[in-house]
Structure formats: C-alpha cells, structure tokens
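Take a look at the structures listed below.
You will see chain A twice below: alongside chain B first, and alongside chain C after that.
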Partner chain A sequence: MQKFFYLPFLLLVCSCAQLHHVQLGEIMSHPDYVQKPFDIKISESGINLGEAADVSKILLRKDRHSDVDNLAGWIGLFQIGPRTGNPVYVKDYAKNLIHLIYEKCPSGKVTGLMSVRESRKYPVISGEIVKVTGYCLIRKGS
Partner chain B sequence: MLRAFALRCAFIFALFSTGCTHSIHIANVSDFAPTYKEYSKGELVKAKSEQFAVMGFVTETNYVDNAYKKLMASCPNGTIQGITTQYSTSHGFLSWTNIIEMQGLCIR
Partner chain C sequence: MRSLFLLLIGSILLASCASINSVSLTPIPANRKTQVRTEKSKIILLGFNFDNDFVDEAVSDLTRQCPNGQVTGLLTKDENINYFLYFVWKKQITATGFCVPVAASTTSTKTKSRKAASNEGTHNSISESEL
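Coming up: the complex of A and B.
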C-alpha cells in the first residue's frame, strides 16, 4: 500500500520538457512601429503505452503481467509508424495556426515568428505541444 | 477489490487505446513579409499530400514536392504569406500514413 502513497509524488516530480524542433523566421524592426509580443500554445495529451503497461503491472498480480504485455503488444500493432513524442488521439490539433495568429494580430504585420514543437513528459502521459511566438507590429500613436 | 478495479480500468484503457493514433513531427509558420496583409485581404489556400507505408514499404516518394507544387499552383500571380507547414504521421494496423499539409494566405 505504501507504493501507492508515493505515486502522486512521483507523478509530480518526474516531468521534463523535450524539444523536437525549432525554427525562426524573419525579424523586422522599424522606428515607426512598436513590437507587441504574442504567444500561441496548442497542446494535446499523448499516451506512452509501454509506461501504461508498467504502471498496470504495479497494480496487478504477477500472474497477470504476461496478459498486460500481450495487451500492450496487441494495441501496439495499431500504432506502428514514426513518432515524435508520444502518440495522440486527435489528428489535426495544430491545424488552425494561421487563424490563431490572426486572432492575436489582426493587422497581419507579424514578425519574429518562432515555431517550436516540444513535449512535456510525465509518467504515462505527455503534453504534445506546438508553440508559436512572435511580435505584432503596431504603428506608434495608433 | 483494488485489483479488480485496476483490471477494469486496464480493460477500458485498452478499449480506447486501439483507436488510431497520430504524431505531429513539425509544425512551422513562415514569414508574413513582405506583404503583411490582413486576413480579409487574401484568400486561404491549402495543399495536402500523403505517403502510405506498409511495414516500411512506401507508395509515394514525391509527396512533399507534390504538396509544394499544389500550393504554388493555388496562388498564381500572387504572394503567399504566413505559410503553415505541418508534417505528421497517422498510425494504423501494421501501416502508417505520412501527411504533409501546407496552408497560407494568397495575396493578389
């Protein structure tokens, strides 16, 4: 029972961020404009099947461990292919990036765009993040 | 009692886990220069191309070029600003589909 006591604590401390890709665009500064920073972050939950199976083994009897492995292996057959971070169950969660940028900067005077793809990892689950930061150019005095 | 609950949870988890999963590898946004136009001043253009792979054997090897050419063709005599490029994979049973999706604002 003691191991269950430590589980929430472990979930809190065992997280880390992992960078997969970063790219920067053109940077424009002009004396007539002020640069207003903006930040867009889209995140979806990813699941690590191997870690989920390991956690299940802690809760189940030893004679059921092979069942867990078989189940994880069977599910894994449906999840074959290249992956960055953990797989997610939502397909196009970063589809509307351009609309989100225009929400932040309706004038379209956008500069210093930085696109980041990263993961925030916790035991079993992860946050699969697409982040875009940039600056909206606003004319001085407007 | 706890084990029975864990078993039920594992079963429910397994049931939901068998669905197709996806992975985004890259999501990038390009420049808005030199046009810097509002959304209403342009037209949203999109291009998508896929590569199906079974056990590592691929079908379409020019899918990135195809998406690129489709996007260019969708805005003749214009400039495309704020191009978002998303490279992702949809996982399936012993197979997967690589997807490249581009969209941007065509300014004429």
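Coming up: the complex of A and C.
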C-alpha cells in the first residue's frame, strides 16, 4: 500500500522528452589539432495553458469553470503563431548562447556544432531547452 | 482467405506516414567524391520518451567516417515516421555530407586566400582561414 503513496509523486516528477529540431554544422578533423568536446544547455519554463486551466477547474467551484476557460482563451489569443513547445515568458533566454560558446572555447575554433531544440514535459509546466554540443579545436602541444 | 486477412492487418500496422520537422544544409564543396552518411533513430511507444540522447552520436559517427578532413555540404533531415494510429512512431535524424580531405581543403583555401589577398591587398594566414 505504501508503494502507491509514491505513485502520484513519481507521475509528477517523471518527464517526457520531446525533440523539435536538430541541426548539424560542419565537422573538421585535423591531425594538428585535438578536439575537446563541450556541451551547453539553456532552459526556460514553459506553461501549458490548457493543462493549467484543467488543474484550476479541479480546484475551483463548478460555476467558475467557464471563467477559467474564458481566461485561458483570452491569454491563448496572444500566443498564436508557429512555435515549438509551450510558450515561455522570457523571450531572450537563448540570446547569450554565442557568448557561452566563446566561454567554452575561447580560441573560437569550434567544429561539429550540433544544436538541439527539445522540451521536457511535466504536468502543466515544461522545460524548453536549447542544447548545443560541439568540439573546440586545440592545437597539439599548446 | 485467412492469409489475405493477415496480410491486410499486417500492411495496416506496418504502413507509415512520414513527416519532416526540419532540414538544414551547410555550404556544398566542389570536391564531392567521398560521401558520408549517418542515420540515428529511436522508436517511441505511445509517446513515452525520456531522453533524446540518440542524436548525440551523429557527429562522432561522421567524424569516424572522415578522420582527417572536413565534413561539409551537410544535409540534416529531422523527420517523424508514424505507424498505426500514432501508437508507435520513429524519430529519425539523417545527415549526409561530403568528406573533403585536409590537403584538398587546405589547397582550395590557399587558392582562395591568395586570391582574396591579391584582391584586397591584405594577408590572411592559411591556418586561421582554414579553421
């Protein structure tokens, strides 16, 4: 019986990963250089309005359900357009990506750059992730 | 009659719809003799997918196929293949490109940088421009 106590907690914590987009850049292998791998992950919270409305309906009285739908509908009107994942409320969260790449590879000799756009879905909220992996080319002996 | 029925069921279950998420392309080289290709995929059952790590091997796979050269003209295709009623689907990443040996790419870069230097009256270091 005690096992079932943890079941709702597990359902809340475990997430589904959704892949939206993958892009590969040119790859350079040179005998004079070694490739040092690096990995950058930027994430922002997204909100699923539909699920948020459903949760609100559970908590509110029945006569307020239509208000919840109206509110979700009104907010939804401002979020129309092509997108990947759930809407986030910090639009510039991936802005500093290029600086982070320079931090990881100060020489700027970057190769094998792979950018991945993915989401981690939890109930109501999601992690909207931009992941970049690549290799920094370092001259042998330096 | 039974085998016909089985064939029908089998073809319904195995038939799939493909949809493309994104395509990207890097500059295509003049030397297109050696082609490299990698394909990474993952079967997802009922939408339960807990990581997308299957794509991580793509770059190292291409590097292995072109150990001393530059993989360029890289076409990356990101697609979904959906089987019967979306119960099962496959995420597939296909990358195809061309391996240009280091010597060849250096020679072409040398020629380019010489031309650029003669046109602009500036000097470009070969090792800097090649990387």
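Here is the rule we use: the second predicted complex is superposed on the first by the 130 of 142 C-alpha atoms of A that agree within 3 Å, B and C clash if a C-alpha of one lies under 4 Å from a C-alpha of the other, contacts with A are read in each partner's own complex, and residues count from 1 in each chain.
Quick note on the criterion: contacts are C-beta pairs under 8 Å (C-beta built on N, C-alpha and C of every residue); 3 or more make two chains touch, one makes a residue touch a chain.
These figures come from a predicted structure and were not determined experimentally.
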Exercise. Which of the two partners, first being chain B and second being chain C, lies in contact with A:59: first, second, both, or neither?
Worked result: first
Problem set entry | First, second, both or neither for A:133, with chain B first and chain C second | second
For this session: Once the structures are superposed on A, label A:17 by its partner contacts, choosing first (chain B), second (chain C), both or neither.
Result: second
For this session: Look at A:25 in the shared chain and tell me whether it touches chain B only, chain C only, both, or neither; answer first, second, both or neither.
Result: both
For this session: Could you look at A:109 and tell me whether it touches chain B, chain C, both or neither (first, second, both, neither)?
Result: both
Exercise. Of chain B and chain C, which one contacts the greater number of residues in chain A?
Worked result: B
Exercise. Who does A:118 touch here: chain B (first), chain C (second), both, or neither?
Worked result: second
Seminar exercise, completed: Residue overlap on chain A between the chain B interface and the chain C interface 20-21, 23, 25-26, 28, 109, 111, 134, 137
Seminar exercise, completed: In the complex, chain B touches chain A at residues 2-3, 6-7, 10, 13-14, 16-33, 35-39, 41, 44, 53, 81-82, 84, 86, 88-98, 101, 103-105
Exercise. Tell me, which parts of chain C touch chain A in their complex?
Worked result: 21-22, 24, 26-27, 47-52, 55-56, 58-59, 62-63, 66-72, 74, 76, 78, 91, 93, 95, 102, 131
Problem set entry | Sites on chain A touched by chain C in the complex | 14-31, 33, 35, 109, 111-112, 114, 116, 118, 133-135, 137
Problem set entry | Residues of chain A touching chain B in the complex | 20-21, 23, 25-26, 28, 47, 49, 52, 56, 59-61, 64, 68, 71, 75, 77-95, 97-99, 101-102, 106-111, 113, 115, 117, 128, 130, 132, 134, 137
